[in-house]
């Protein structure tokens, strides 16, 4: 959404810059159980955005004073690897990463039955391997798989996707170029079978009507991603090419 | 005390740059109990210098190993808000702020009956809202009010003021311009009714005789400020305009 | 080993730049017990490289969770004072200092009978006062003396020295210029009477044969240094000028 | 690492009592669910700041200040000023706030405000170049929470908006044509900082199944989630942030947005009247 | 401060069992003492990096990436590019790794790799000047340990070497002759990063009195010390680092170096085949 | 946050014993109340520093070094060199000192010394411009406390003053008239750093109602407060700092100042004789 003198045309002949229809997801890849040590892990790719999620826990909390008497604490860290974006990212945690760690944790909290594991911690590490838009929602989608892989009891999976407004049109699953030159970016995550929205952010400008439409489009995408998640948990690996 | 090619004339016709006599305080405002959450609070202004002090405690210490068996610990932080000075101040604590936090704590310690509250902490936060010279002594004056407002038992109030030497003259309660272009800045704080000096710093050059005179001038100013403090505690709000 | 357009000739007429033979140590000074407060201390100089080591312990560990049930923990910090090198060194710990603190600790661990003091700490502080090459091995040599001075039971002393390759020749105890313009720097430390190598690093390029020869040269130098260490512990002060 | 915060324990009895009040269409302090506590906005309270505002919503107090510095533009917007928003929760403001650098809550608050100012182009950054491509105004917005009685975001946004709208730009004394060095005179402030439009945030809390605007501290403690909606004076939605460990249904989101659009004009009017020249 | 790490407690029985296996000339996973677990090297796995490699040795997984930036040379090497190596042990990689800045182990690993690349001039930095004396390529090598099953150093070195050897340099669009400003086009990558020679490290662990290459995590836990030997493709020794709380005798050091020189060619061959154009 | 430090517990019996000694006009080590322990000042002890001094007062030991760098002047003093003073309490110096960045005590000590050097213009900074307005000498004074037996400030000030007065300036090899780039030769040191006047600090401790100079560690433990008075060689007072949790009466302050002015000349003489050319 930055202003730039060289904004490319993002919609040509009713198609998006990468040839997709407005409501079309990028090719999706999901692989569950990719690490030996982590209790659960998954890699999810939406197009060129590729994110690793790893889960440890429920396990003992250190330092102990962080523990809660009535539930597990969830600890969550979202990170961009230094070479994952076009410009090298300094390894010090950015304000953006700190904010996203929080909203991602809050997107996952409603799904985890943390009341079953008082005085423990469930640690979620999200590492962006390659960033091409939608890293937070891809990360949430991967983290839900990693949690399931770790055997953490959940009310539902959580799946996420970003809707954007580009050249005046609402489009599903925006990539980096659409994010950068578009008018709005709205990441949404939800527990699909329960109809519960657990992450909702808007960065950009929408009318009231556009917002309602954008939210519906996001939820439609989330339901598709949810089906892939369930399949990936059965098969340990799935891509939309196959599907 | 910085050298500069454009030092203004600081004494004109026996008056100071803002029209005051040598031993005249700036207009003073004191308001006690300005915050809902803090156990005690006060805002004190000396001219354009305006400082907020807030006190919590005596309360439980975290981490516990900081606690003392025979007395409350006093924790004190002096801070300049980033927009309080002419140049924006970075929010990272400066070496100056670290030193001032210490000397202000040591200026207040002798007045607080901390032996009555072993294993607890009394936390003092001093926030400079606008800086025009004398922020540490204004802060001490405000902190003493906030401590009293919090009901912390004290041997006496503490009041402070800075004496300066400008254009060769000793003057009371220097402002920023007098500090910057003057020859000396000597902040003093005391427990007025007990005659105990609890803060004494000198930044600049004085002869032995000037020092003795400057100290007496400071103590004279402190006694006036002390009267205003007592009135403010009775009335919750006082200004020297009214007085 | 940095490349530079102005590399000086390091070997002239079979002598090194400071007149030494290839297998000759610099003048060595050792003084034991130089500080009042530390449990043990020593200053060791190899030529212009001068290092202070101080030891506290075995003593109580803070924070307690760092303690080990079956042995003392060794804590070790290697530091360059800011004026010890040609360019002023920032006081923040550099990555080099962090690495050297680790390899020095690991060079001393095998010598210390830490199993005798479970749940305690032995703290070793190494401060480089002036750096002219070989600071880590000089530091190890000083630390061993400080440990002995503190009465810490040891299997053997540890002594160290660096071998270098300069102008194609292997030379003992390289100084800064030889390090900077030479082809290799290989610091070695050992427990001499037990024949145990506890530090071994190579920074540079050697053939297999050169490496074997360099290692033998280092061990030869270490045995000489060891004799000086033992004498210094008897006399509290020794130099090779005297010897 | 973001970590589940410790929650105050609310006795069931008290929780039910609160729900009973809400069921009557009232906040626990008796105002209707869709109205704010009393709002006060005082501008120009910090002489050394180019703009400043002290805002209270009920007992919540926030001080925001604007400082203007001369600096370099970002490479991709060479002819625009730079806007930087920071927030700090002063330890004076609550017994639970610790001194130290901003935590994730303060960072999130600053970033939500930053986006809500940036996306709808609230500040006319394109009018803040001094030497195009080289020297521009850097607009620092620093927000300090002084007293915490709930709804810090909306109070902070009011303070930031009022501080910006009341800020005046220091006089540019000279520009060196060769070096691009700029001399300014901070003592003389001239034009207002150019503002394109006014924006506010409306935070809607979900307590049980009730949606309420401007929750106070006690209400926040029992809310399962909050949704902040940033609204511009033209009624467009210019930012959104779900906060808290709970969730919203699609219907709840739509209702919350409706509430926000309904109440926003009164907040924007309050800012405007506080910054009248 | 470097501090004695907490060691896993290994029951005597188990320790003896391991020694019995080693006595038969085998690792506990049955391979001969002087051979590696199976090695996999995949290059160009991160599109946004100029070079990248995902390496596994058994279950140990390391991802390395190379980013190229335009920057200033060091004062003492004005006509050479700059090489910077960092390593991080991701908390995902082991239950014992904590999030946060690199600890002494990660810093040591990065510095051993840095020296092993720098001393034998693996990267032809002298070919990486853009405007001599003013603008050169900065070569960032970032190493992330993703899964820890022992021998992180050798896996990291393979990943760094393969990422460098497969990296391509972005196109230089223009150089301003006056300012020395350089514009690059990251989307178009052209020549390979120039590599003078290939290097690997071989880590030899001492367990009891046995010397073994490529220890896995279980073996590392019982090793008293490790010696990492960096070997170039011409057989020269280009770095060395003793690690761990134990010691080596002079004879053991010589044997370890012999082992390293023996096995290094197979590692270097593995890198070369992975980065074939 | 500054926090009340933990105080050593002094048994009443011991405290009274100390007061009894003081009542006889003696420190607990038998010297008169207004005299220092034996002072040693050795200069040029660190070859790599442009100036250095190792000072002991009794068992207290402090090492100070001066490094000179070429850098930019401050904007408001374009034709003057820059003076920067840092202090660190080495963990070697006391069982109570922790490794890490300087704490409030070290920062206070450095700042008191900084002001005592800066206000009376001890270093002739106006003679330290190389290219006026562009390049000046940066004078780094780094102070390390090596052994703590009380009165760190006075020992540190002696060390700083002696290191400055014995420092020599590296040769300026060349100045590029266009860029202002300066090349220096650190191996060749030429003129002394220009010193306008000598300054020392005298720390007076209050124990019971006694005022004593140069308290040792045991005396500091029972002192209720300390007053450091900076005195120049012309007898003027050039700095002051009250330290500690107690107080002084107006009379006590005056007496302490008298003590300081009385003893300062002997300290300044000690510095001067140590730095004779």
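Going in written order, the chains are labelled A, B, C, D, E and F, and every chain counts its residues from 1.
As a convention for this text, a contact is a pair of C-beta atoms (placed from the backbone, for glycine too) under 8 Å apart; a residue touches a chain by one contact, two chains touch by 3 or more.
Computed from a predicted model, the values in this text were never measured in an experiment.
K.L.:
Which chains are shared contacts of chain A and chain C?
P.N.:
Output, common partners of chain A and chain C: E.
K.L.:
Note the shortest touch-path length, in steps, from chain A to chain D.
P.N.:
Between chain A and chain D, the shortest chain-hopping route counts 1.
K.L.:
Would you kindly say which chain has the C-alpha centre located farthest from the C-alpha centre of chain F?
P.N.:
Chain centre farthest from chain F's centre: A.
K.L.:
Centre-to-centre on C-alpha atoms, which chain is most distant from chain E?
P.N.:
Following the centroid criterion, the farthest chain would be B.
K.L.:
Compute the distance, rounded to whole Å, between the mean C-alpha positions of chain C and chain F.
P.N.:
Result: the chain centres lie 31 Å from each other.
K.L.:
Whole-Å distance, chain D centre to chain E centre, using C-alpha means?
P.N.:
About 48 Å, centre to centre.
K.L.:
At what distance in angstrom does the C-alpha mean of chain C lie from that of chain B?
P.N.:
The answer is 51 Å.
K.L.:
Averaged over CA atoms, how far is the centre of chain B from the centre of chain F? Could you give it in whole Å?
P.N.:
27
K.L.:
Where in chain A do residues touch two or more other chains at once?
P.N.:
Chain A, residues with two or more chain partners: 77, 123.
K.L.:
Which residues does chain E have that touch at least 2 chains other than itself?
P.N.:
1, 99
K.L.:
Moving around the ring in the sense set by going from chain C to chain F, list every chain once.
P.N.:
Listed round the ring from chain C, with chain F adjacent next, the chains are C, F, B, D, A, E.
K.L.:
If you look only at chain A, which of its residues touch chain D in the complex?
P.N.:
Residues of chain A touching chain D: 1-4, 66, 68, 71-77, 95-96, 98-99, 101-106, 109-110, 114, 123, 184, 186, 190-191, 195-208, 211-212, 215-216, 219.
K.L.:
Residues of chain D touching chain B in their complex?
P.N.:
Residues 45-49, 52, 59, 61, 63, 65-67, 69, 86, 88, 90-95, 99, 101, 140, 142, 144, 146-149, 186.
K.L.:
Spell out the residues on chain E that touch chain C in their complex, using ranges where they run on.
P.N.:
Going through chain E, the ones touching chain C are 1-4, 6, 76-77, 80, 104-105, 107-108, 110-111, 115, 119-120, 227, 230, 232, 235-250, 253-254, 257, 261.
K.L.:
Which bits of chain C are touching chain F when the two form their complex?
P.N.:
Against chain F, the touching part of chain C is residues 35-38, 41, 48, 50, 52, 54, 56, 59, 77, 81-88, 91-92, 123, 125, 127, 129-132.
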